[in-house]
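Letters A, B, C and D name the chains as they come in the text, with residue numbers starting at 1 for each one.
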Amino acid sequence: MCRWLAYTGTPIKLEELLYKPRHSLIDQSMHARLGVETTNGDGFGVGWYGPDGSPEPALFRGVGPAWSDGNLREIARCTSSRLFLAHIRASTGTAVQQTNCHPFRHRNWLWVHNGAIAGFDLLKRDLVLAVDPELFPHMAGSTDSEVMFYLALSLGLAASPVVAVERMVGFVESVAAAHEVPAPMQMTVATTDGERVWCFRYASKGQSRSLFFSTAISALQALHPGNEVLLGLSDETRLVVSEPLGDLEGAWQPMPESSYGVIQKGDDELGRFHPIVP
Amino acid sequence: MCRWLAYTGTPIKLEELLYKPRHSLIDQSMHARLGVETTNGDGFGVGWYGPDGSPEPALFRGVGPAWSDGNLREIARCTSSRLFLAHIRASTGTAVQQTNCHPFRHRNWLWVHNGAIAGFDLLKRDLVLAVDPELFPHMAGSTDSEVMFYLALSLGLAASPVVAVERMVGFVESVAAAHEVPAPMQMTVATTDGERVWCFRYASKGQSRSLFFSTAISALQALHPGNEVLLGLSDETRLVVSEPLGDLEGAWQPMPESSYGVIQKGDDELGRFHPIVP
Amino acid sequence: MCRWLAYTGTPIKLEELLYKPRHSLIDQSMHARLGVETTNGDGFGVGWYGPDGSPEPALFRGVGPAWSDGNLREIARCTSSRLFLAHIRASTGTAVQQTNCHPFRHRNWLWVHNGAIAGFDLLKRDLVLAVDPELFPHMAGSTDSEVMFYLALSLGLAASPVVAVERMVGFVESVAAAHEVPAPMQMTVATTDGERVWCFRYASKGQSRSLFFSTAISALQALHPGNEVLLGLSDETRLVVSEPLGDLEGAWQPMPESSYGVIQKGDDELGRFHPIVP
Amino acid sequence: MCRWLAYTGTPIKLEELLYKPRHSLIDQSMHARLGVETTNGDGFGVGWYGPDGSPEPALFRGVGPAWSDGNLREIARCTSSRLFLAHIRASTGTAVQQTNCHPFRHRNWLWVHNGAIAGFDLLKRDLVLAVDPELFPHMAGSTDSEVMFYLALSLGLAASPVVAVERMVGFVESVAAAHEVPAPMQMTVATTDGERVWCFRYASKGQSRSLFFSTAISALQALHPGNEVLLGLSDETRLVVSEPLGDLEGAWQPMPESSYGVIQKGDDELGRFHPIVP
């Protein structure tokens, strides 16, 4: 189990979400409430798009627990971003090393994942064989999460993100079926190209990991007219999280089972997620 | 809060106590039950006396969580010892670094501590000034635990361990009083010279951290005649732990508040702990 | 031996100095030319003042070799600053841990050091006793470099930096004399309050570590009219380094033995350094 | 470039070879003489067979430089072994992480490598596809060295080590040829099953990395009758190293280009190495 968050909107300092909320992501690294495990101490990472317009996001990833990492605290204090993904890891067996920390990055894309592919050891060879040979050498770690990212990239993530992830999941499920591994996929995922953010919640047998998105800021501002943090945020600001960062009433909506969301300029989208069998 | 264990008796592999029990020390690194915090992920250490008769124990200490440390698992699998101390750390504020990991070692002595000195920042200067100038440069870290060790060494640990620790605590309490810090001391401690083990449980205001010692092995063998692990252990074998390693009935006795124990050849001792004001 | 650099002037990306020059600081971490040791692999750090006008600089410090640190590369790529200090460490015996990595920071001040105090183990107790008791608990590591910083702060660094460092060195030399440690001080130091940068080169017996400052940019631009990097830099831009970053002719001036420099708006200063005996 | 050593013979403490010789392996981590690079600071490892007869060797691997690793020093001081491999790493591009540190282990086998496969990124997919699917999930890192080990295991290492390595090299060279990568293989390798040690020196275009084996102990004892360390060693004792550990005259023989050696009870073997094209 891991925890992640995706933020897009008015540029804010990373610490506003990583440290300051009462149940911030860093607090969740030691005291998660909604997950299978309460501790997410097997590394962390944050990827953000900077003010300079460079398409490639910056990455900061560490192998220790987020709660005691002094560098993360410094980076979070001095870095503002209009779009960032952050992740805290609880390993499901693979090594605790930087190349296994999320977000994973390829060019302008970032990817974070919470969940697991059941029987990954058994399926891994067939899965990596389906990765585009040009992308193959870019896989640097050993996690199912990274393989999922590179499969999605191989299946057209840049051109059509929702379909690519649906094809990725369908492919994993078909490989699992061939190996007689039932219900292999358990995931919440966020991915972004630096402009839009796509979020996914899905599990082969339902009952997928929790995922929440923030209510429209304008609605929140109306509900909580005195809240200064809310006042500074544009209408386009949106946050998606594994578990709520605090107890502000009306702030969080659960994302439905087997669904995807697209956060973008103008209206966001929420749709039903259907794995596409190859 | 931290967790520790002290073992002395029939030589056994470290893994028998660090990994194999149902609620082993490594399990406690992620899921402690009796402490203020459930997570002890800020480093770990083990110190053991080897079969070669060298008076200086070996130390293995790491800064990551014990639960994911592959080297600790290897060392525990291949190392047997008749006397060892192990510790998992939950920092109360000082840096997560190897020099702050327990056990601390000086010559043939080891020291582990669970607890804290309240107001340590305020008291630290006065405390370290009282350390023997010859010992002063050996302090390598920044914890209250290490300062306690070097104070005890300065106050005669090698000659008279119980009195030295009583003087150390009395001194800390008197320095705290001078700074108007009430009830500064909260501790369970184990220390050993490689032959005997001294354990302490004390808090300035009572309600000190939990501490348990194992019942006499012969009594346990009588209670559980079929238990093979117990059969292999000598009568002299004894274990002291922050919290029980499992649920074997009759196996654990709580150490009384404000008490000390001495584990040694022949009869062990249990006595009342009285801080000695300087 | 360590290597450091101090930059102030036109805001530039950290990578321009940490990575891009032919003999960049990161290159020096593996292949220093002018030092006692060629390898500076015992940690690194960079402290920078951000564009947001916060008086407290940001710090990023790591315990591994700089040459393989992926996070440092990311930070250097995405961070611009008008004033930063960077340091790569070769331990002279103290632990390799983040609290021993330079720059050291106190409020708006940063400090980097190359060199050592001879006999530091013997002198340490007397030295730390002279640190202002209010500052005492802020010392988090175990190096001579950090003690020098806190002594200088205690002796008036904020009010009168040159005098404070002269008093610090004089004090260290007097303590050393009392312990019969000859010629204790070997140092190059840079310190800054976020506006000005003070640099020092001194050794008790002369023959101090190398230190160079960059020639006036206008002079360099005249010498190398086609150099685009130089064209973008303001006249106020200045760099001080343990060893030259490249072979651009005329770019580097050795700092004299027993001297200090002040880099500031308007004319810089260069003066003779005289330890002040207490 | 990396450095390694393989020892078999009279049980000795690891520190006798890792630390005590004038040009010990740990000294080589900072000051190698014969390699392309003088610094081997990208991790280290040692694998040893214990006195308890367990077929699986113990592993201790770290990601920092060997020269500053306190745990390695402790392990080396308290561990004796009759057969061990040790390695210090200089990465040729892959991540500095424990799963990339040598020795690699599979069941009772260990493997260390110095060198590189040219164009590994281009060849990697074809190479890992040739790994036995049962072994595939055991590959945990991202190095060419580990892939070479798993290819050799897939090609019969346990049954016929020399032929398996010859087939591995032939296979790599054929894959490289298909990708138009010339002269891909550069290697010295040691591998062991806990009884015998096989060493290999080979490069596709000759000029392979240096490798030396120790002269027969009896010959050395005759040459240096007063040397106490030599006196304690049995006739079967043998050491193979990337570069000599010291300057004892007559102690080291260069291993010929394109050769292999087998160290075993009774007479050792030295033979010519011929890649076997599949």
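What we mean here is this: a contact is a pair of C-beta atoms (placed from the backbone, for glycine too) under 8 Å apart; a residue touches a chain by one contact, two chains touch by 3 or more.
Keep in mind it's a predicted model, so treat the numbers as computed, not measured.
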Item to check | Touching chain sets, computed without chain A | outcome: one piece
Next on the checklist: Quick check on the interfaces: A-D is repeated by which of A-B, C-D or B-C, going by over half of contact pairs matching?
Outcome noted: B-C
Checklist outcome for this item: Averaging C-alpha coordinates per chain, one finds the centres of chain A and chain C separated by a number of Å equal to 40
Checklist outcome for this item: Contacts with two or more other chains occur in chain D at residues 70, 95, 98
Checklist entry - Which part of chain B faces chain C closely enough to touch in the complex? => result 94-95, 97-99, 121-122, 124-125, 128-129, 133, 136-137, 140-142
Item to check | Contacting residues of chain A [partner chain B, same complex] | outcome: 30, 37-39, 41-42, 63-65, 67-68, 70, 91, 95-96
Checklist outcome for this item: chain A partner, complex, touching residues on chain C are 50, 52, 54, 58-62, 70-71, 74-75, 77-78, 98
